[in-house]
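This is the structure I want to talk about, given as structure tokens.
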Amino acid sequence: MTLKEKLHTTIFESETRAGKIFNIALIILILISVSAVIIESIPSVHEKYGQIFLYLELFFTGIFTIEYCLRLYSVKKPLSYAFSFFGVVDFFSIIPTFLVIVLPGAQSLLILRSIRLLRVFRIFKLGIYFDEGSSILNALIKSRYKISVFFFSIIILVTISGGLMYMVESPESGFTDIPTSIYWAIVTMTTVGYGDIAPATALGKGLASLLMISGYAIIAVPTGIVTAELTKTHVITNNACPTCGREGHAADAVFCKFCGSKL
Amino acid sequence: MTLKEKLHTTIFESETRAGKIFNIALIILILISVSAVIIESIPSVHEKYGQIFLYLELFFTGIFTIEYCLRLYSVKKPLSYAFSFFGVVDFFSIIPTFLVIVLPGAQSLLILRSIRLLRVFRIFKLGIYFDEGSSILNALIKSRYKISVFFFSIIILVTISGGLMYMVESPESGFTDIPTSIYWAIVTMTTVGYGDIAPATALGKGLASLLMISGYAIIAVPTGIVTAELTKTHVITNNACPTCGREGHAADAVFCKFCGSKL
Amino acid sequence: MTLKEKLHTTIFESETRAGKIFNIALIILILISVSAVIIESIPSVHEKYGQIFLYLELFFTGIFTIEYCLRLYSVKKPLSYAFSFFGVVDFFSIIPTFLVIVLPGAQSLLILRSIRLLRVFRIFKLGIYFDEGSSILNALIKSRYKISVFFFSIIILVTISGGLMYMVESPESGFTDIPTSIYWAIVTMTTVGYGDIAPATALGKGLASLLMISGYAIIAVPTGIVTAELTKTHVITNNACPTCGREGHAADAVFCKFCGSKL
Amino acid sequence: MTLKEKLHTTIFESETRAGKIFNIALIILILISVSAVIIESIPSVHEKYGQIFLYLELFFTGIFTIEYCLRLYSVKKPLSYAFSFFGVVDFFSIIPTFLVIVLPGAQSLLILRSIRLLRVFRIFKLGIYFDEGSSILNALIKSRYKISVFFFSIIILVTISGGLMYMVESPESGFTDIPTSIYWAIVTMTTVGYGDIAPATALGKGLASLLMISGYAIIAVPTGIVTAELTKTHVITNNACPTCGREGHAADAVFCKFCGSKL
């Protein structure tokens, strides 16, 4: 086993002992570095301890740079890794600090510092080892068409509601234009309800009530879709009948329940 | 195949190649025209680029008018189309702009411009081709009695809660009359919670707490109804096969899954 | 068939033709009279049209009084009807107007007028004819122990959260005493979120975040309970095994699945 | 039966008559004492009736101290009881009052008084007798990995959303630092929506809309997980009976429901 193979096993194969230790150490480092970015953003903290956070950041970036290089070195196709989701996340995890060093005054750039928050996505690397996560994701992927139809209907509903409220309510109540009214419709239908914009007229309140009750009941639809998908896997297979092509047969079915021919 | 038949195939039958292209082009046009209506409503945009949006609108209306006429021409029963849901939507998608041209000063009419938002409903024309959408709609239609009983109970609950709060709270807290109190009850029970009206007395807060917890738990009812309907097709009945006598067939089975004979 | 029997059939048996007409007419009257009570509560309306609403009210009360007397006359056990839920509701639907006539100045009594809102409960009389409603009610009744355990846990959770926030937050942020803090915890956990009371300290915001995410996830519990109950009825019976006494057998079960003895 | 055994039966075995009476009396006492703590926290009540509440508290603490001693005496392993969850709760239920007596001026200590709220947990002692509660808890425990994956994803989503909003919105709108922005993201995604912090820019409102709709739809995931777990016991497997060969047994079946032989 060459050094490259050993590295590959440690970095990418989390089932081995070395891989497990490497992964857990990495997760802890990611969490601490993300927490540091979050805490540093508080103005009073930044003023007082800015220097300490800069040193911390240099330390984290150093380690993540070494890790990034080792990954690029040990993987078979470095380019396809570099342009994969995790490759890009890894790159953006280290680049802001390098820019800070190279460009004078960049240290104070808020956006540069915030980009480092993307590191939190690196936790998903561990995430893929959860079987549980993949079963939820599976149910979501299987019901993606149903869910997109749902979002579709939501978008149409909030557009029409926003337009109606724009006609009914005056700009003084906050309904200054249709985009703002649609924003209000989303805030209301999802039951968030900030209260920064609220209907003032009787007709507006009536329409708002309808939208609220709709939003309250419509939540049943995505819930029903995901639940049906999560319970389905226990009994129903995906096999299509070779004769009529219809799916949805029970796991113990021998003949197609729709046309009666052998499965 | 006459021109009329060809047109009918292109406009109404989305499975053909020509039909697919026509449909997708139409959807894109609808989305752009709806976006234009939404963006134009922003006062600052309307002031600056009002002229450009007027020309855009004339262009969209021209195309939608041609489409409307072609539909009326190619369909077998033009009148029944004109008075169908989509026929009415199509008509209201073009009429505002014609009124703007004919009536002087109508261009500034807010309502006329907003009516064009109805175009968004035309996207549903595509929607019907989604099998997924129809299965959700099916579940909703099948459980329509259960859902109306649910809405019924909601209405009674908010009426009684609103009346109670009107008695308990003073008009100073915003509970000026029963309609307003019922509006507050809807805002609270659906967990929207704007905060423009909120109870001030201890008794009012207690009643509000009860309403909140009820609203929080009652959401389980429509969810349960829709989920039960969506999973129903996977439910196993206890009907025995008349040929082999074995049970455990799905509710939607037509043929026995064990021996293949008709159920 | 005596007059009494005929009346009983018309009033109480909604399946007959006369009963159906009687019921629908009654429902419409109830809805109009409830709407009148609601609209009359608006101060400006009451000032202007108070006299008209008084006459309307006298008319409604007259009809409901006749109906109440006919019910008492045609029913076999008048007393047990008078003290049943609907008997009490019927009584409170007519008594406020009589008090208004008898007592001078009582007309302006807000509470007396609001009591008439109770009439809305009379709609449930029709409600019982919905099979759908009874199946939902059945599921709720069957899961009443599970639901009460759920409410129990909610009460403990908001009590502890309210107590914690009372310790952490200052009275200036609105957390003046434990009852108010518990009220805030209910507003937050049920995701209503008025915003009249909101945490100001970092620790308070952290605790509030935990409570919000809990409330957001806990809603899954009553939903799961009701859904499980609504889907259960299709397959699982309530029959206990005569040998081991355990329930939950499938409708097609011949032998107990737990102890193997004949059901 | 010795006195110790008798005490053990009364205190710990709620199925006996004496145990039932003891338990119910205790629950009532706990509820009254918790209510007293809650009501006493209201400043005006504390000022007026502080003395009465002090005497009440001494009475409750006396009884709970006797109960605590009896439990320690009658249990077989006093130390393991003392360090169990309920042992610690019992200890913290009585200690604040003793500290108040011993330490001068401690009576006014807000935290000491609030600790007594922990008594509410003692109600769970009764809770364990509910079979219903344990079935819910069971479903939650079984789906704990799925639920933790869900919380995991929520944390990543609110971190990224908070970071984005911190970049997009100005500190004037309330987005002063990343922790505050993450707090806002939690308030928004869980659909609580206080309204103390709300986006002001168009881009911020757009991002907020996405977060709201995500939060609105994501609630389907924990609901689906818990529902799937709660309905699982009613799910039919495709295991054949080794004796009669018939399938369609429930997942929790031990004996064949058709022939009664062991599965």
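Should a chain be cited, it is by its letter among A, B, C and D, assigned in written order, with residues numbered from 1 in that chain.
Going forward, contacts are C-beta pairs under 8 Å (C-beta built on N, C-alpha and C of every residue); 3 or more make two chains touch, one makes a residue touch a chain.
Only a predicted model underlies this, so the values are computations on that prediction, with no experimental measurement involved.
Q: Consider the two chain pairs B-D and A-C; indicate the one with the greater count of contacting C-beta pairs.
A: Ranking A-C and B-D by C-beta contacts puts B-D first.
Q: Which chain has its C-alpha centroid at the greatest distance from the C-alpha centroid of chain B?
A: Between chain B and the rest, the longest centre separation is with D.
Q: Looking at A-B, A-C or B-D, which pair matches B-C on over half of its contact pairs by residue number?
A: The B-C interface is reproduced by A-B.
Q: More than half overlap in residue numbers between the two sides of the chain A-chain D interface, or less? Answer same or different.
A: Different, since most residue numbers here occur in only one copy.
Q: In whole angstrom, how far does the Cα centroid of chain A sit from the Cα centroid of chain D?
A: The separation of the two C-alpha centroids amounts to 29 Å.
Q: Could you grab the centroid distance between chain B and chain D? Build each centroid from C-alpha atoms only and quote it in angstrom.
A: 39
Q: Could you check chain B for residues that touch two or more other chains and list them?
A: In chain B, the residues touching two or more other chains are 150, 179, 191-195, 215, 219, 223, 225, 227, 231, 236, 247-248.
Q: In the complex of these two chains, what residues of chain C are touching chain B?
A: Where chain C meets chain B, its residues are 34, 37-39, 41-43, 110-111, 114, 117-118, 120-121, 123-124, 127, 130-133, 135-136, 139-140, 147, 150-151, 154, 179-180, 183, 186-187, 189-196, 215, 219, 222-223, 225-227, 229-231, 234-235, 250-252.
Q: What part of chain C is in contact with chain A in the complex they form?
A: Touching chain A from chain C are residues 191-195, 223, 227.
Q: Hey, which residues of chain C end up touching chain D in the complex?
A: Chain C reaches chain D through residues 145-146, 149-150, 152-153, 156, 159-160, 163-164, 166-167, 176-179, 182, 188, 191-195, 198, 202, 205, 208-209, 212-213, 215-217, 219-221, 223-225, 227-228, 231-232, 235-236, 248-250, 252-262.
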